[in-house]
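Structures are listed in the sections that come next.
Okay, so subunit A shows up in both of these, paired with subunit B first and subunit C after.
Up next is the complex of A and B:
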């Protein structure tokens, strides 16, 4: 199991990467900065499971909160609106 | 370099959602059951199912129904794992097709 690097409230940047294969980090948040909302647990890495390997060591999975206006340039709702996305630790860097 | 995979369409404009009720066809229930059984048996993961759905060419991804994608991905996964061979699958498909024409 990989240790959790981030605590709730920490600012994180999502890696701007475009690998082949099965990826669970949605395109629309790659490269953006958000805040750790909570640690959801640790799980086998789905990117590895998709390639018929065991996905170990388990990776921490976080719920990361982004401001809607940071995600969508033309967002017209409240500046306080957020979107939360579950992202594995190996996709996150300290911001 | 392909940046956004075709399936990864979160945030793209899609128009209104059509809300309709529908029942499942028998073959769709069978496909669902097969996937669950293979997962319980350790012969595939949901992530492989996703990978092979996401690998569909864009026109096929858009044209195929939910369980058409599943059954295509299921076959691809079993071929990749060596559970069945391409030749076995091809022969069986001919056999099943004949059965359906009786």
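Up next is the complex of A and C:
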């Protein structure tokens, strides 16, 4: 199991990477900065599981909150609106 | 004219499913009966258990606190069988409205709420609910005031989500069962809100 690096409230940046394979980080948040909402626990790495490997060590999984205005510059709706996405730690860097 | 139908060969995954199923039954590890039973159980599972969880949370503040802290444990406490489910319950308030979507595929808390509706799996819902949630909610007949924050939950990995809606006014003395009757599937996904006697 990999130790959790980020605490709730921390600013994080999602890696802007485009590896092939079974990746659970949606395209629309790659390269964006958000805030850790909570740690969900640790889970086997889905990118490894999809290759028939064991996905170990387990990776911390977070809920990361993004402002809709940051995700879609032309977003129509309140500036308060947010989207929360589950992202594995190896996709996050301190921002 | 004789209708020949639309014959299509099995897809890769359909073929894999048939092969695996036949191997398992040939080896005696599973019976056809058992598989049929399990499929029926899946089909018959509805959202009612989710509605019951909501009604309990409305009536019991301590349970509600536990439900928001650890959705899985709180459901197990009610005796619900939810094997493997990692449940996160998100609460609607006067300030925040929550809605669930899975943009990558169609992750859904099936073991608690049953099979997802077709629209939940559609490309239209999955792409537009993150991009223009207020417009999509309006199409469902739900107008969320501008001052209320919309919080979209993209079920992108291992957790599954359920919305805890606000209890409608005018239901003060209602029983758990009667309250549960106000909560439908759409309320649990956040594309609708429960209607009370005054609405």
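We take it that the second predicted complex is superposed on the first by the 95 of 95 C-alpha atoms of A that agree within 3 Å, B and C clash if a C-alpha of one lies under 4 Å from a C-alpha of the other, contacts with A are read in each partner's own complex, and residues count from 1 in each chain.
As a convention for this text, contacts are C-beta pairs under 8 Å (C-beta built on N, C-alpha and C of every residue); 3 or more make two chains touch, one makes a residue touch a chain.
Quantities reported herein were computed from a predicted structural model and do not represent experimental measurements.
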For this session: Determine, under the contact definition given at the top, whether A:21 touches first (subunit B), second (subunit C), both, or neither.
Result: first
Problem set entry | Contacts of A:31 with subunit B and subunit C, given as first, second, both or neither | neither
Exercise. Which holds for A:57: it touches subunit B only (first), subunit C only (second), both, or neither?
Worked result: neither
Problem set entry | Partner chain in contact with A:46 - subunit B first, subunit C second, else both or neither | both
For this session: Examine A:8 and indicate which partner it touches, taking first as subunit B and second as subunit C; both and neither are also allowed.
Result: neither
Exercise. Just subunit B (first), just subunit C (second), both, or neither: which does A:76 touch?
Worked result: second
Problem set entry | Common interface residues of subunit A - those touching subunit B in one complex and subunit C in the other | 26, 28, 46, 71-72
Seminar exercise, completed: Per the touch rule above, subunit A residues touching subunit C in the complex are 24-26, 28, 40-41, 43, 46, 61, 63, 68, 71-72, 75-78, 80-88
Exercise. Can you list the residues on subunit A that touch subunit B in the complex?
Worked result: 18, 21-23, 26-28, 46-47, 49-52, 55, 71-72
Problem set entry | Residues of subunit B touching subunit A in the complex | 1-5, 8, 10-11, 45, 47-48, 50-51, 54, 80-81
Problem set entry | Residues of subunit C defined as touching subunit A within the complex | 86, 88, 103-104, 130-135, 146-159
